[in-house]
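In the two assemblies presented below, chain A is common to both, partnered first by chain B and then by chain C.
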Partner chain A sequence: MQTSDLIRILPEIILAVAGIVVMLLGAFQKQNAGRMHPAIALLGLLGAAGAIAYQYPWRSLDPAFGGMLELDAFSAFFHILFFLVAALVVLSSSEYVAQERLASGEYHALLLFATMGMGLMASSNDLIMIFIGLEISSLASYILVGFRRGVATSSESSLKYFLLGSFATAFLLYGIALMFGATGATNLTEIHLALQAEQNTVTAMASPQLTPLVGPVPTALVGLSIALLFVGFAFKVSAVPFQIWTPDVYQGAPTPVTAFLSTGSKAAAFAVFLRVFMVALEGSAQDWVWLLWVSGLLSMVLGNLAALLQTNIKRMLAYSSIAHAGYILVAFTAHSEEGVAAVMFYLAAYALMNIGAFAVVSHFGNRGERYVEMEHYAGLGYRAPLLAASMTVFLLSLIGIPLTGGFFGKFYIFRAALHADLVWLTVLGVLNSAIAAYYYLRVIVFMYMHPAAEQIPVERVRPAMGFVLIFSMAATFLLGIFPQAVLDFASQAAALLLENLGNGVL
Partner chain B sequence: MPPVTPVHYLFLSMALFTIGVIGVLTRRNVIIILISIELIFNAVNINLVAFSSQFASISGQTFAIFVIVAAAAEAAVGLGIIIALFRNKETVNADEIDLMKW
Partner chain C sequence: MTWIHDHILTVVLFIPLAGAILIMFLPKENKNGVRWAANLTAFLGFLVSVPLFFWFDSSVGEFQFVEKVEWIPSIGANYSLGLDGISLLLVLLTTILGFIAILSSWTSINERLKEYYVFLLLLQTGMLGVFMTLDFFLFYVFWEVMLVPMYFLIGIWGGARKLYAAIKFFLYTLVGSVLMLLGILALYFINRSQTGVATFDIVALQNLNIPVNLQLWIFFAFFVAFAIKVPMFPFHTWLPDAHVEAPTAGSVILAGVLLKMGTYGFVRFSLPMLPDASSHPMVVNLMITLSLIAIIYGGLVSLMQKDWKKLVAYSSVSHMGFITLGIFTLNPNGLSGGILQQINHGISTGALFLIVGIIYERRHTREISEFGGLSNVMPVYATMFLIVAMSSLGLPTLNGFIGEFVILQGAFEENWVWAALAVTGIILAAAYLLWLYQRTMFGPLDNPKNKNLKDLNFREMMTLVPLIILAFWIGLYPKPFFRILEQPVQKIMERVRPAYYAAHPDAFGAPARLNAAAQPSASLETEAAAVRSAEKRAGASR
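The block that comes next holds the complex of A and B.
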């Protein structure tokens, strides 16, 4: 290990230290320390973002820790996205934490640890590192989901998330073990080379005592491994048919945590999904593209149809998040540079609008999350005009109305799919976004056109929450009017990610 | 007696994996489900160590140690979550954990 290696994981080190400090403060300080925890968490996130900026230009960095971590523009993009998401979640949960009397120190520490794990996932270029990053972020989020300890639904969704999550992780691990058995490597670039040469990396070195092993890569093992890896990642991004946990977990979790899971965790899972499949397994694309095709289509259809039937807003947004995973899989199916860039852009746009939407849901929910049903939103357009207006913006962006980030996100996705000749998938995807418009608009109709049956109390918006709403709204419009800067960054990152593969450079 | 080859280990680990999956899918006690998941993790470990010795490469064994650590952490978190649920619902039966449906 060298100093240069430590600089590569500087953002993660800063986050871990900040998390430990927050946790210790929570343990040793008595009352009124609650206000310091978000401040320290935000400072940690800011420091980590500064470390990412310090690492610039990312391209010139060699892989760290013997090729385990790869600091490229791809990982920098996702790091910045995670830090932004985590910061917005910290700001938007200050109300919630105080209201529900949650243990503030542990809450913020776990958020930081989860963010750190996600950062590791985005930069890891080795299956071992991917597994460790995944575990760090998952373990923290299992606990965060069950953070309202006295509430049965919260514990229940935590247990469901934990059992199904570790079941899926076990599948993923088995896939990793088989991939190691087939290629003799855990490094993604080495796996790519081994599959390309159809020769074990170990036997390629032709050491004398291993000569009996010289032979082609066993294709059956590789196929089984790809299937198991797909199961693991599809679970993490909540794609059909591994989406069963999503609605229950999103409904039972504290609302800010739901926002975190549906944006940060999903983006992290897509980051590793992209890196593993586009870097290591790109050569056997014909084996897995149809898996993505089917899963993407089913996610869109099932997510949208089930969302039509929901009355609980959190549950509706959960099904909508399944549908959005489907849209992203459409771009992924294109498995081109453009497709990767479209996925990255969409994840950024989706993160900003969804955090905004969940922030509004969290604020309206009030103590104990009592008001999260659709009918509670009746008449809010007149009683809380600003909140309702921002909710409308976020919902319109989720539909994909022009001038919002969601529009360009969908536009780039379907353009990438069309360029890859996925005409049917594109047509079905566009039809699906039309179905989706129905249930998003229904919330808007409830807010503006239904008389209120019950006057639900609306608290005053605190500055932190106000900042989150204004920021996500501004960012949603910015991505919808000037998408070019973010898209350029994403395209560059995608190009860099894929460029090494053509010439087989390690 | 024929020598033990990597294929034997592969079959042993597949058997463990299958037992684990069947356990998760059919058992109703949450603790048993947790144990079944641990069984799958150990199937993975057998695979990793067997392949590691086949390739004479250390990285598989290193990975196995990481898996053991992660599995221990998961068991700790999982038992904590089960206790939290038990305090609220007084049950560890998966069929009775049904506050949220569709």
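The block that comes next holds the complex of A and C.
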């Protein structure tokens, strides 16, 4: 281990230290120390972001820990996204934590640990490392989901998430083992080389004067391994048919945690999903593209159709997050540089608008999340105009109306898909996004076009929450009107990720 | 002065938006302040757009007042604006109807006033953007964004079934436009593979050569979006709902401007970008058939309406049928008539909705059977209604006649059966409008609720008078309008039917060089010939 290795994981180290500090504070201090925890968590996130920024420009960095970690622009993009998500979640949960009397120290410590795991996932270039990162973040999330201990649905969803999650992780692990068996490597770059050599061998056998360089790679084993890896990742991104857990978990979890899961965890899962499939398995793309095609389409269709029927906003947003995973898979199916950039941009846009929407839901839900049904939102537009206006912006962005990040994200996705000649998938995708408009609009209808049925108390928005709302709203507009900077970042990261894959020079 | 000349489109485009932002910061309680601010903004927006008419050079075929700034370079999207004759007329129509719509809401809207005006002004910017932009991506942005304020206008200030109408309007339009987005992307990629340039520039995309098969696919992607917006026959069901439930200003804007976005789309995009698909016999027959069905079906349904506003709404379907008929005759007469008829329909139907709105504000009902003999108590109202109805049903000396006549002329050139069927639409229009007039204005004043109705006040007159003046102007002296349309029509014809002008050197918009070939003297004379042919055409239409 060298100093440079440590610098590569400095962000994670900072987060871990901050998490431990928060936890110890929680253990040794009396009540009322709760205010310190978010502050330390934010400081930790800021420090970690600083550690990422310090290593700029990311393209020239060597891999750390013998190629296990790769702090490239791709990983930096996701790191920044995770830190942003975590910071917004910390800010938006201060009200919630106080109101529900949650153990503030543990809550913030777990958030930091989960973020740290996500950071590791984004930069790991090795299946083992990916597994470790995934487990760190998953274990923290299992606990976070069940954090409202007194509430039955919360515990239920935690258990459900844990059981199904472990099951899916087992699939993933099995896939890793098989991949190791087939190629003799867990490093993604090495796997790529091994599979590419295999393809060269096939061509070599067609022309017998060339001798094979490496021993043959069992194709069936690789295929099985790809399928198992797909199951593991599809579960994490909640793509059909591995989405069953999503609605229950998202509904039962504390609202800020739901926001965190649906944006941060989903983005982290997509980060590894992309890296594994685009770096290690790009060579056998024809074997897995159809999986993504089918899964993407089903996710959009089922997610949207189920969301149409919901009356609970959290559950509606949960189903819609399945549909959004579907849109992202559409871009992934293109398996091109453009597609990767589109996925990255969409994840950023989706994170901002979804966190905003969940922040409104969390604020309005009041004690014990009493007001999370759509009908509770009746007349909100006139009773809390700013809250409702920001919710409207987030919902319009989720629909994909221009001038919001959601539109540009979708545009970019469908552009990548069309460019890869996925015409039917694209057509079905855009029609799906039109269907989705209906259930998002319903919330707007309730807020502005129904008179308030009962007097539901609307608490004053505190500064931290106000900041989250304004920030997410501004960022949503920014991504919709001037997307250039983020777009460039994403495209460069995607280009860098796939740079030398084509000719096998790494 | 040069600054304003170079940036006039941006100024016209953003005045309503600036006004909307200003109004957001006004106190809610100050209702009159909000009203004044909105009216002044809209009036200013109209005033600023007037110079466009005088600065516009109708002898130039290129886009004018062009502004171009890079927006999202990595995908090749620009903020680029510009006008040709077609969009000039629509922009002017939008600024004037926008002002009138806002003026007409002074007393009819009393709740949530601030939001109402903010949405109307946002809508105004969206519509202007649609007509001004020269970038297909930006076009799509305006096209979609505009849905949101309209959705709120119908959904919050609408009538009894407003929720249903608002959502139906939104979803119908959205489904169409997402498919259009794919069409846009397809053109973008074709252009990129042919020229190597990634751009959404409308002028560049108008010069592509695309295989017919592909053109047909893209045409149908566009068709869904535009046909829903127009609305053409099987897609029209959202229109009566939206119209009936929308507040008066919303209906005026909807009929006057929003529907034109569909026909504008055909003229600006489908025809020049996909000429082979647009002139494909299958497409032409389909479009003409749907147009004729709309004309006759819309007329028949109007005839049966009991609700005054619904009658006007269905008459819109019929009149819009004339416009699409004209466009898809694919000859200069049909095209120029169709384009001019967009303006005429905006004037006449906009005014008809104002007429309905005025009586609805007084009586809160639109049942035709509730009325009768209104001309006794509201003579000014009755007079204005008469003029507006005449303009809508196509009485000579008024605008509707000019447009419909030229369209029919165009249709006749292609196939006399089309013209014969379309004429029944005019007869039906006379029937339902005159019958409506008779039932509401004449007869005994037997409903006691109508006895004390007040005639128009000054503000209400001011909403109708400009439209009536325009109706007479176009009806009596349409030449300047045709002159403005000459160059754009010529360009479209050269794309869609390149051989047409060679065979018909006297046709409307025929390039001067063809006339010059006939009399190869000085360029002065060719210009004179062009003017003569324009005069001939204007004279013929009168």
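Keep this in mind: the second predicted complex is superposed on the first by the 488 of 506 C-alpha atoms of A that agree within 3 Å, B and C clash if a C-alpha of one lies under 4 Å from a C-alpha of the other, contacts with A are read in each partner's own complex, and residues count from 1 in each chain.
The criterion applied here is as follows: a residue touches a chain if its C-beta (ideal position, glycine included) is under 8 Å from a C-beta of that chain, and two chains touch if they have at least 3 such contacts.
None of the values given here were measured: they were computed from a predicted structure.
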If touched residues of chain A are counted for chain B and for chain C, the larger one: B
Partner chain(s) touched by A:174 [first = chain B, second = chain C, both, neither]: first
First, second, both or neither for A:151, with chain B first and chain C second: first
Contacts of A:441 with chain B and chain C, given as first, second, both or neither: second
Touching partner for A:477 - first (chain B), second (chain C), both, neither: neither
First (chain B), second (chain C), both or neither touched by A:293: neither
Which superposed partner A:431 touches (first chain B, second chain C, both, neither): second
Which superposed partner A:418 touches (first chain B, second chain C, both, neither): second
Interface residues, chain A side, partner chain B - complex: 127-128, 131-132, 135, 139, 142-143, 146, 149-153, 155-160, 162-163, 166-167, 169-171, 173-174, 176-178, 180-181, 184, 186, 200, 202, 207, 209-210, 213, 247-248, 251-252, 306, 309
Chain A-touching residues of chain C, taken from the complex the two chains share: 72-75, 112, 140-142, 144-145, 147-148, 151-152, 155-156, 162-163, 166-167, 170-171, 174-175, 178-179, 181-182, 185-186, 188-189
List of chain B residues in touch with chain A within their complex: 6, 10, 13, 17, 20, 24, 30, 33-34, 37, 40-41, 43-44, 47-48, 50-51, 54-57, 59-60, 62-63, 66-67, 70, 73-74, 77-78, 80-82, 84-85, 87-89, 97, 99-100, 102
Interfacial residue positions of chain A with respect to chain C in the complex: 382, 396, 399, 401-403, 407, 411-412, 414-415, 418-419, 426-427, 430-431, 433-434, 437-438, 441, 445, 448-449, 482-484, 487-488, 491
